[in-house]
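What follows is a structure written as structure tokens; I'll ask about it next.
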């Protein structure tokens, strides 16, 4: 089971839960699974067939450009974080 | 409308003649009329030094010189530093010393640094920093620039 | 991870290479020391005319009317444009690779519509035969304004009843849209652990407030663009930009063109530091070209650059930290209010990701506020947001060390983030070099060198920047003489052509002279994100490595065909193809190259990447200062910069980034600021009064490169462009404190500010 | 930049004729480091720009140990600080000529231009006031001599009447046991405008001040001659107390404004610090000057 970390601003959808164990082999599975238990999560995270451009997903600490398509291992940690790039 | 003025000057060793408006700066004429775009504009009020050229033996910011003032003068720009295909030691040392990053302040700094080395074959770090204080560089922090000027001084002394 | 570029078992920086780690002369070097390199302002075309932009004299006003008839009547004027020439963007959004942005914000910044939101906001533009004529004609444009009260700082703009910049801007509160009209575009929060409990467990709690001024990137080359709206409707743009594809996509969106109709050629660029990412004058020049039928060049004046382009946010920051007597940090809380300028998008999200990133603290709460004010719309500036934040955090960490009586580097080491440490914004750190940077600082001779004399002090600070990945593309063609041409799309600001070419040369076992790299236009290479986020050597470098591997794999097949052996039996080592299948066959890259045409045609290697495995970079400073107690002037006696480069591909350019970032950080710390009068006019918009450091203001900047290999890059490289600007203000504040016992909590720490702090300490009232 | 005509007269008479003819519409061009910026920025306008650098009287440096030093109004700074006589007899002038702008600016900017531009922050002016310098002005009604302290009347305004030209600056020969110094405060170490500046000169008479002059930059609408500070030193013993008293008088005389370069309080404070420091150096120079 992967561990999904729920951003503070999303916790009213998960009854205050900050960490939720979810089955799934991709980020998309995880989101679908979460939405079953906690309706509204998908709307909050997803825009059509991609993550909202204002968000990105980090799996095991590494922000993935693959978004919903990113593979997830059984013991993975999944974070939804703000999407940004730097400037130099 | 006032007439354009005809100006004769010696530019990078060659006699040149051009027409300009009295209000045009030497910088503007070098770049737009004579096609020598190596001399850069960074501020157009004499505070960045990117437009530095040799003007009758002194370095000046060409944005604060009127083109008409060039009549009968001698001007050297960055394009005139190398001897044909042979880079000047200051140019070679800037390359080897990684003394440029974006490179836009480099032409002005090369002209100024060469002028310094022409009058002082072994300037101190303090002297180099004082001499170049009118040439802003935002990329390098000046460290590699100062070191490269010192390296060029050595190189030129060995060559003597 | 599924992406092959992420190779967790990859090299440590102790591994040596043939090309990587050497210091070749850059490929564009000769052009740049002889004046031959073509920068944006050097571009010329047949029939070229010149544009100039009319800018708002008010910081905040409604535009009642614009009358351009007199300007249009000027004999030398060829075209005039205003906001009316650009379609209303409505609520359209665009994704420019940095998340979703409202097109209207970008479009209304390019040419003001209905309201001007800062002094210097573009209102109209003119194209004429000469620059002088264009500037003259600007004075003939009559604009009627209804001035409104300006708000100039975040705290001011956040007050109830503050004058509102936008009629339709509502606060997004903790991720949820609200209908509250406000200057606060968003308020977000990161939480970790239990902040109350954390402070309850603390033996020592320090809380302070900090203010930092708006500062500009200060590149020496002003923004410029040359645009041609061709008769077939295609638009060509030559410009100095960090992001040709961003300029293309934004210009296309604003002018309602398909991107296929816009081609952007990035010229040589005279510095950017984040400030040459946004679009300003490109669509304006294109419109002027459309109206006039001529190619149009616009070059900004220095005042235009300072008043009309994006500086980096000023900020108001509150930080509270708790530590136990044994030196364990147990709680940290921050409130970050950043000034976005006229349109939302202050660099407060990255700030929130960096403010406590250097430390492993169990209980953290970070609140971020993105606040619009009547100043130029802000842009990125080298580790955007992080320098402001570190100025606050590092002040408190050093103050804690002083109160606990421990060495400031030891306190940092005791609490340093490492692999597995969870950042407050969620993710755990992969392998990072925070501890190694701190250890290098502690063991450096500078740290133990005696510092004698009155009014002298030594300071330290560290900073973190996470760096970016983002898409990059690269093509490599093999030439018959065994050389290769490498084509990429990352504008080269500091020698990246060469650092990228070196990585391809390393893969193919070629000498660097045999690689000819070019940065090309948007029609000639795949999408490549901006030169920013310290990403080019990492991400475009990775694309070059992959393209080189593609070349290698294709050539192995050709060698196999020539030898009539199975390709699996052919290996490639240091530029030589070898088959040990029975009789040994050997062929060098240079020997195989001329045989490509006859063995199936030319070979082109290609790669497009959007890599994860971005390695964040830590940087640190040790600085010695002397203060003139009668004038408050700070003189830097000695400065040493430390940074984790993962693997330094070209050490000279890594040092150059460290020295340049340090110099900018020093300028930010000591003198640079947007000095605004109460009406929102910038009083110091020249390079005389916007005091960037001159050669006489800085010492030599010693560098110490730390190499903790980034597992996400085949050679272990980490981006080094940004983290180096973060520590200087904090390190200088610490040094000033140790020199004359004052606590500087405002940037810049200029002579007046230092003198006033000294007076306050001595109880001098006048 | 606006259109203008350019003239390069080769004699003072020709220049004066041009300036009289075009009056307010004419601007004098020496080094151009101020006037070209002002024309480009629209702060000043001109139909005629009169380049005076080809006029011999405006281009010479002449020293004579009885009558002193004469510097043409258009002589660029570098020729001042590289001149052997100036180095020997007027170190206080070398101070100021070598800190105006940077190397490039010093290749063009002149002391005469600095005076005529009449900026409150003009570094050369307090230094010249301290040295009792005067300007020789020629106009349609003939020539006159104006003490430097009387030359500037408001920010950017000087006493020259339409048609008048500053031809040269004259510095009396330094008295025995005299010394001068100019010191300014800037946040950077070069390329900056004085937050405050102090130009001083002293004449010593075994252990006492025989006379002294103090002038300040950037703390009033014009460069400020603080006569009373010098008078307070006359006849006093050379010691920290007397110097401190003069510095306090300078501080009281300053009438600065708050702006981006500094606050009133800070600038007044600097007047005290800089005057004191400048006097100490001037005294050292005087002791070494027999």
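For clarity, chains are labelled A, B, C and D in written order, and residue numbers in each chain start from 1.
We take it that a residue touches a chain if its C-beta (ideal position, glycine included) is under 8 Å from a C-beta of that chain, and two chains touch if they have at least 3 such contacts.
Values in this document were obtained by computation on a predicted structure and should not be read as measured data.
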item	value
Top-ranked pair of chains - ranking by C-beta pairs in contact	B-C
Inter-chain centre distance, subunit A versus subunit B - centres from mean C-alpha coordinates, in Å	57
Separation of mean Cα positions, subunit C and subunit B [Å, integer]	29
Gap in Å, rounded to a whole number, between the CA centres of subunit D and subunit C	44
Centroid spacing, where centroids are CA-atom means, of subunit A and subunit D in whole angstrom	70
Contacts with 2+ other chains: residues of subunit B	21, 23, 44-45, 47, 130, 132-135
Interface hub residues of subunit C, defined as touching at least two other chains	132, 272-273, 688, 693-694, 696
Touching two or more other chains - residues of subunit D	1-3, 102, 189-191
Every chain pair meeting the contact rule	A-C, B-C, B-D, C-D
Residue ranges of subunit C touching subunit A (in the complex, touch as defined)	1-3, 6, 95, 97-100, 174-176, 188-191, 242, 272-275, 277, 347, 349-350, 379-384, 425-430, 465-471, 529-535, 610-614, 712, 719, 721-722
Subunit B - residues contacting subunit C, complex	21, 23, 31, 36-45, 47-48, 50, 77-79, 81-82, 87, 91, 94-98, 100-107, 110, 125, 128-130, 132-147
Subunit D partner contacts - residues on subunit B that touch it in the complex	1-2, 5, 21-23, 25, 44-47, 49, 52, 55, 58-61, 63-66, 68-69, 71, 112, 130-135
In the complex with subunit C, residue positions of subunit A that touch it	5, 7-10, 44, 52-54, 58-66, 70-71, 77, 79-88
Subunit C to subunit B touching residues, read off their complex	23, 25-26, 28-30, 32-39, 41-42, 132, 217-222, 268-273, 299, 301-302, 493-495, 652-653, 655-656, 659-660, 662-664, 686-688, 692-696, 698, 700-701
